[in-house]
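Order as written gives the chain letters A, B, C and D; numbering starts at 1 within each chain.
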């Protein structure tokens, strides 16, 4: 089957030529000293993008789900009181993990087209001073919303709780300040705004998080889920706990170098410019974005309600088959489709192409959409901030 | 400087992942038996795309200009009477060569937004039975027109003249029948509709053409321009006249394999679908295509007149700088810009993105253009023939 | 730091141009239908190399350690009686896992330069009919030995025990018959004889293994370690439990296609030819292989005792620094170095280069070695079976 | 047919991973401003490696044969008195060109296993003050010898003649000083010691050479062979005379960057170290190098006489078939084979592998060779200058 001409999914997406080349570069033996240098160099750059010098960087060797599961398992003992913030499918799922690993689960929930109110978190923690862990998703990719982790970090710190922040899709494309925002255990993915391959978990761990992990008798050891193994073996002894994924590391390393050349602020501005154009186009087309307002939306994906009578899968598949554009369906957040603009695919005209294909696809399926108005509005938005 | 996000030029353009990989594959020694097999395999496939079994295939090791210059030099002796058909910059330039190499030059010229009338060629040859060579450009890339070489081949053959056909940009994306159309010396480029790298001339040579070359005392020998060297050394002795361009050959070979997988007819249909949508979009936007009518237009590039008061270079550069899309200027054919759709870049939504960027760019520069109507019309055209 | 000129490690090693190209090919969205086709195609080919049609193939998305840990966790409940065969570091480590996950651990141990006697396994199982799981390593990469899993599978089956076989380094380069040898849960790595990237666990699971897993209340769920999630979500519903490692899959897929073109039997013969030459060279050089005899040696790595007074790390690092060849140290098996010949690096002259560099490196460090005799013997061995 | 495992030919040879990646990177439109920047950047770096700031750099778009033919055609008018130095097949061939293009040909010849004596050139020019052009090959790749162009340049300048220097295979791996040695028109190839792809001619042109070209009425115009077109169009107007070979340029650019990182002096030292080891190995094996003495040998290739009773083709093909190593035959210089060590393949252990394969191959064919002694001597030579 032919590949899509253009992938504008919520990730993973095609990477740049430079990252592709790195993925295809020779695989080194993991005890080659050049590989060790490469690995440490990558850790250093990962920390810079997290905007921290005080966290320890751990690169776990599996897709971000590994880092997230590890975060939960390493911090949760039987009966640990945890507050989980569930404003979307990933937040909700994290709560199942916490409970499954033995936590005493507290939860603040919202409809999936909204985000949490930081004051509510503060109030909850005041009312439940025993809570030791707060977990929150920064950018909820399935629903296209953005929780105020910049407020939640300091609130949790004030109440003495350790914060787990799922920043998987925001990393490298949306403002993120691990240190300033006082977040303790952050898990990012390279396959979203960084424009790298999936297959690795980029983690930043504060002293507070390490203290909690070390105090947890259930923290995994001799396991792919062990953060302590990485700390002691690799950072302590210079030996890997197991064979790292060399080609993925090559790709992540190149993506970080490329980001360094572009500048983090420029990457963030690029994502924002593309997002603004897409959002403007969606509204002008007569469609409805999924988040209740633009100011709670995440800039890495535009989530759009599917018109009545159609399903997200149907729309996604039709657009792929007729116009060669791969977008994403709702992935549990609702009857919505998503145009992703993250990493190498966050480019103005790709988003416009995605919009046009989506709009026309909806017409084909019987919906009433003004493709022309949508594209004109998107182009107008782009023109305002043209290079 | 950053690369363009999207190249929709008249070529060379980015190639597919498969061709890129081949270009980056290990460079073989040119006397490695595996390379010889590779070279012969490529020649065979080149012939299939030319739709001939009776021509000999020569792969000269330089961009198509080498093959074209060689065609002229190999066939022209002092005083050889030649009829050159000049309907665009490439046709016009070919006449300068013929004259420069000593030919007695006859020429049929048209304005660059028109093509030749086959009857006029027949009449001319009837009036000038001494003419030995007829030269014609199939697809005039600078002006986006298509000459009726299918008629000119049989006419020339009837009058005993050998035909040189510049099919550089049509090869592999527009209907072409070397044998059926009785064309004698065809020169194609891999970097256009085939989606390969520049750097090679793909030539098909009929028995009639060889006879004329062999009878020509000025036909080059011991030269990069010698076709006879390739015939005698490579086809005769299995030795190359000089080091071939191994990485280019790797790329051309992969492009041919990919075409084989797609099917030549499907490639032609794909180019046509994208061209039809682009043309419809241009007209709906309120712009004027360069060719006087669609039925003389070449499907590999859409040439568009630049609105009064603007220049092609200004428009091309603004679209590149503001929207990251690289289109082409007029290259001597007039004040026009071109959206190319050839090879790996002949994809429906790339053309739509190119259209939208061009339309908005013109608005930015003060022209009156309806971007929305243009994109809607293009999408409607695509929808009619959606996969 | 410069990369090694030549990597002859125990893996991961550089891959072929074709696999490199695939690793660098565009990353697809994991719900792109083309990716689903790609994934299923890979599973099918993985099964063929395991030589089975009756096992279910599970591709877990992390280096083989993930598959091995998953195998142990999915089969072990509190108090499950397990027999672990420990003839090298990997076998020994597996026992720690079994015990750590709650098993009642039985163990047959040998010195690391020997392998297990199948009769001893039969006797032990006769004496302990309660044993439900037998775990064994096929090719012990750190020590270069090969356990008779072909005998152990049928013995375990006869006694009603389920077999876990760590075939990580043997897969695709050494004879392996999952079905015929009655092995139940096999875990292979793509980064060894297959010549793929690390980052994935290739697993084959028999009905007997699934029955045991389903009967185990401790079998992981909603975890990166869950085999049942893969079975139910991906094989059942066509949805991935989490984002798979797309670029690794691209690489594994290409490595399997390449193996298909070479032929599995030819790959096995190639590994054997290179191993035989290396072993002959080591002996002729005056060095001592680590395994007590050649007939218990694994063909994918030649393990060599380091002469007295030197250490494996010192030798490895000197050979890398002086001659640009990366070999492996003993990795816990003893004071030995290893020349790996697996996958794309299992090539006759690479092994000879590795031998020459090792031999001269030892001389540089003060040992008495006859490099010339070693290389001459290796070449003589190769000559006997020259293509 | 399978590719060779190891290519140690006289070029083209496999390139580094970095150059491969560049060859496979996206092909830019040749009027993309990023490509123009790329082209100029490449010209600048080419000049640095020539060690000149006073020559103008011209990158002609075809394999070095194009640059060499252009050099001859651009400088030779009917009756131009030229002195050609013929010490090998390339020098000899250059004389045929000069004569063919109308020159009054003078020649100094030597047997192909020797080089020219600079004093003889001085004497000849003294005796023939009318000579306007002196042509000489620096490294004669077919015979493995090195002419003293460092002396010939100043001698020719003293006598008022313009020098054409074929430095195709020496460039970037053997000492070369265009300015200091007063050479006027140099032609280099990227596919030899630079480790790039074939497909381009790297030329440096002095003011003296331009003056002679401009005074030559036969200097080509509107031709792929025109140096003046490149000067006027590209350097003058910023427009290419024809479509350049974009992918080749990508490769050459990357090879130059890589050389810059290594350092030109280090590259020269690397080629010398590998050559010294190979030469030592050849002699210790009991074979005879082709050049009459090592001090006239070129460091980029080791030419070896084929033992009586065997032919170079037979030996080359047997080594390829039996041991997967591709070496070169004599290419017109005599019954000799060549182990190339140029560019990315000039690595110590590759040369040793080449030696061992050649030595054993000769034994297989009935010759008497001491492979062990040869490899031991080569390793000893390498050890003396180990990193």
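Following the convention adopted for this analysis, contacts are C-beta pairs under 8 Å (C-beta built on N, C-alpha and C of every residue); 3 or more make two chains touch, one makes a residue touch a chain.
The shown structure was predicted, so the numbers you read here are calculated from the model rather than taken from an experiment.
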Task: Relative to subunit D, chain with the most remote C-alpha centre - done: A
Task: Winner on C-beta contact pairs when B-C is weighed against B-D - done: B-D
Task: Euclidean distance of C-alpha centroids - subunit C vs subunit D, Å - done: 45
Task: Interchain centroid distance [CA atoms averaged], subunit B/subunit D, Å - done: 34
Task: Separation of mean Cα positions, subunit C and subunit B [Å, integer] - done: 52
TODO: Would you give the residues of subunit C that are in contact with at least 2 other chains, written as numbers and ranges?
DONE: 3, 17, 21-22, 24-26
- [ ] Using the touch rule from the top, collect the residues of subunit C that touch subunit A in their complex.
- [x] 1-4, 7, 9-15, 20-34, 37, 61-66, 69, 96-97, 100, 189, 191, 197-199, 221-225, 241-248, 251, 316-317, 320, 326, 328-329
TODO: Over in the complex, which subunit A residues touch subunit D? Could you list them?
DONE: 17-18, 21-22, 24-26
TODO: Please give the residue numbers of subunit B that touch subunit A in the complex, ascending.
DONE: 3, 5-6, 17, 21, 24, 321-325, 347-350, 352-354, 356-357, 359-360, 363-364, 370-376, 379-380, 382-383, 386-387
